[in-house]
Amino acid sequence: MSRLEIRSLRKSFEGVEVIKGIDLVVEDREFCVFLGPSGCGKSTTLRLIAGLEEADDGQILLDKDDITDRAVDKRDLAMVFQSYALYPHMTVRENMSFALRLAKMDQRAIDEKVGRATKILALEPYLDRKPSALSGGQRQRVAIGRAITREPRVFLFDEPLSNLDAALRAATRLEIARLHQELNATMIYVTHDQVEAMTLADRIAIFNEGRIAQIGKPMELYHRPVNKFVAGFLGMPQMNFFEATVEGGSVKLGNGNSVSIPGASQLNGKVTVGIRPEHLRVCDGDGTGETVNGKLSVVERLGSETYAYVDVPQVGSITVRAEGDFERRAGRDICIRLDLTHAHVFDASGAAIHHP
Amino acid sequence: MAKRKHNQGARTIRIIASWIVAIIIFFPILWMLLTSFKSELDAFSMPPHFFFTPTLENYEQILARANYLHYAWNSIVTAGGATILGMIVAVPAAYAFAYHPTLKTKNILLWMLSTKMLPSVGVLVPIYLICRDLNMLDSKTALIVIFALINLPIMVWMIYTYFRDIPYDILEAARMDGASTGQTMFRVLIPVSRGGLASTALLCLILSWNEAFWSLNLTTASAAPLTALVASFSSPEGLFWAKLSAVSTLACAPILVLGWLSQRQLVRGLTFGAVK
Amino acid sequence: MSARIRKRPERLLAQPAIIMLLVWMIVPLAMTLYFSTQYYNLLYPGKSAFVGLENFAYFFTYPSFWTSILNTIILVGSVLVVTVVGGVLISVLVDETFPGQGVVRMLLISPFFIMPTVAALVWKNLLMNPVSGFLAWLWKLFGATPVNWFADWPLFSIITVVSWEWLPFAILIFVTALQSLDREQMEAARMDGARGFAIFRYLTLPHLARPIAVVVMVEAIFLLNIFAEIFVTTNGGPGDATTNVPYLVYTQALLEFDVGAASAGGLVAVVLANIMAVFLIRLIGKSLTEKT
């Protein structure tokens, strides 16, 4: 069993509180992603779990063992560092077997474990090379291999894909997913890339300014974000937000238009309406439903779909998803259908008060 | 076309000037080397003999008399001993400064630098008296300790800058792999930084070998290193120029070669890490 | 939950080095301080007595003392000027790739690795000897009378020897520093019409400013301690023409066995060095611990 529990974790650096009370449970064999912008505390939390930093307050429990005060080398955790941190003076084989040799394991056991990791990661041709003779992607696999040979209770990944180029990143992402299935181990993965989070995670913990904003399955977070921050962080391109006032059941936009949001009749006061680009449509000319007019400022054609960025006066910039063969050009006037069936509503403090 | 020729011309002049300057600066050493192969008569002749029959008699005489080997041995033991002692103390210190700095670390490092500025002469009296009272006048041990102390600041600084160049996460990875502090140092840090450590040791070796204040004042016969042997040739009557040259060549050649081989690496230590 | 007590055993690793240097500095200095107030002659150890500042008075009225201070300043200053100016010019001269560049560099830095005693004696005898020295021959070649360097120009001769020893150090440092000079910047300057001298003045020199400061600081540390060269050539003479502060203290301590006076002199040397150290460390020291 490898269940990790964190209670009320706090950490300050030079008088500034960076981790402001984290509570979290990572279940056995779960792939949990720590997601968030730079400086939100996700890497620090990972390092606190690893023992590379000491917590000021709180507890870290691994299967009911309190490891909060335990030394780094006694926690039975393995970490894959962002910069790989391979030992430059050792070969790949020696890198992967270092921990086992320190533990004075007998040679046969070492060879067996190293062999297994080598096979999983296809590292056979590189076993006798030194890190300087490897490419970035190969080094990364060795870093992962080094963690695998140790058969730790929990794997920790610190932004492992950020130093790879785009193509390699996508391929390695798949490999990590496969790895999780094959090893069936508990993994904690830190990243700022929401695509990695959405595709790899069993559950995502979104960090913001030293606290966890929300934890849950990716789709839960996507469809029912608990506040504006989470809603804006997941989803590419970002969710559209515009200010509105609710009076007597109808939602009034900045430009005076009134729209209706199904099921949101009991709201009141100043709100922010959020709706994702894929839930908006360009008007199809039949004049039905609520619409709003604006000017097309930028068109991004991706081939499979197109994103139209529309400036609507007194409302803001609205992003709409259109088909791949969308033909209109920037600078033209355009009309958007404002079907707010799938809209979220956030109150003045950013908390979600209505989900579709 | 004309511009290119002009540049070629300027470049050629620069190259020739470089060679001339280099030869002028090297000349005394060259002359010393040549003189060591002359007979004393040739060595002292005026005008100087540029062409002569080389002889090995000077070297034979120096090596035959147990003298030279004795002094050379003293140089080796004192310089080597000081280097080993210095490294044993400096490496842990540099490790602490580089990877576990406190607010005081900067000040401590600068203070170490300032101890190097302490003029040896300022402590000549007490050190002399202490050595006399501990019966360590004319002892290699005293020299070893003193050489280590005077070079410690440079060594700590030099190793400190090398350690700072090593990414810390390699050491963190070792810790996560289960290494204790000692194992991290010996199985990861030291092997990775062995180039820098070698340069530091080399610099200490060179500075100790050439040290010419304590080695002259604290020794007489039994512990005197080569600096003292050469100094004994300073008496005006003995015009043993050829022998002086031979002794000097033997005394300086090893260090000269070591210096040539490691010149680039020494820069960092000699400038306390300011120039790399 | 209560806050944790941090254990940092690693910080103790620095203790041996710190303690050793502390002892090395404090104990002898304290002793020197003590002795400087004593009458203590090694030949008559029983006759020690407290004499207050008499030793200092003796020193300050001792004519050779002021000469030695002057000589020290002249010695250090001249060598600094020669090595820095010469070092900059020569390093710029050889900062060019050409066949044999490595050999040229080796030749240029060689004197730095030569023992001070060797350097001094080679210069005094093989080169500067007025009868059979190489320079004597050279002078005669041009029809001039050879100069008796060490007899007639003793301090100048010492300066020459020490400069010869330390010029390579400056060259080595500056050559290394020039390697990191931005070539693209120089090409841009050339395209802007800058000629050799302008490039030197506005690009090279500023780039060398910090290495020059460091060279000055490091050399000053060693130059204030010059001893061996004087010891084997002039023994401070003729008279006290080449006596610097270290040599003066040495004569008091180990030739006249006057420990009291030697200690007073030693303290003066320490004060001199400290003045310079405070100045230099403030100037350069802080930048040494910055991350470059």
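Chains here go by letter, A, B and C, matching the order in which they are written, and residues are numbered from 1 within each.
Throughout what follows, a residue touches a chain if its C-beta (ideal position, glycine included) is under 8 Å from a C-beta of that chain, and two chains touch if they have at least 3 such contacts.
All values derive from a computational prediction rather than experimental measurement.
Here the chain at the heart of the structure, going by C-alpha means, is B. Highest inter-chain contact count (C-beta pairs) belongs to B-C. If you average the Cα atoms of chain A and of chain C, the two centres end up 60 Å apart. Rounded to a whole number, the gap between the C-alpha centres of chain A and chain B is 56 angstrom. Distance between chain B and chain C, defined via averaged C-alpha coordinates, is recorded as 15 Å. Not a single residue in chain A touches at least two other chains. In the complex of the two chains, the chain B residues touching chain C come out as 11, 14-15, 17-19, 21-23, 25-26, 28-29, 31-32, 35, 44-48, 89-90, 92-93, 95-97, 99-100, 102, 106, 108-110, 112-130, 149, 152-153, 156-157, 164, 181, 206, 209-210, 212-213, 216-217, 226-228, 230-231, 233-234, 241, 244-245, 248, 251-252, 255-256, 258-260, 263-264, 266-267, 270-276.
Across the interface of their complex, chain B is touched by residues 8-14, 16-18, 20-21, 24-25, 27-29, 31-32, 35, 90, 93-94, 96, 98, 100-101, 103-127, 131-132, 134, 136-137, 140, 164, 167-169, 172-173, 176-177, 180, 210-211, 214-215, 218, 221, 224-225, 227-228, 231-233, 245-246, 249-250, 253-254, 259, 262-263, 265-267, 269-270, 272-274, 276-277, 280-281, 284-289, 291-292 of chain C. Touching chain B in their complex are the following residues of chain A: 50-52, 72-74, 77-79, 81-83, 85-89, 98-99, 102-103, 146, 150.
Residues of chain B touching chain A in their complex: 167, 169-170, 172-180, 183, 187-188, 191-192, 194.
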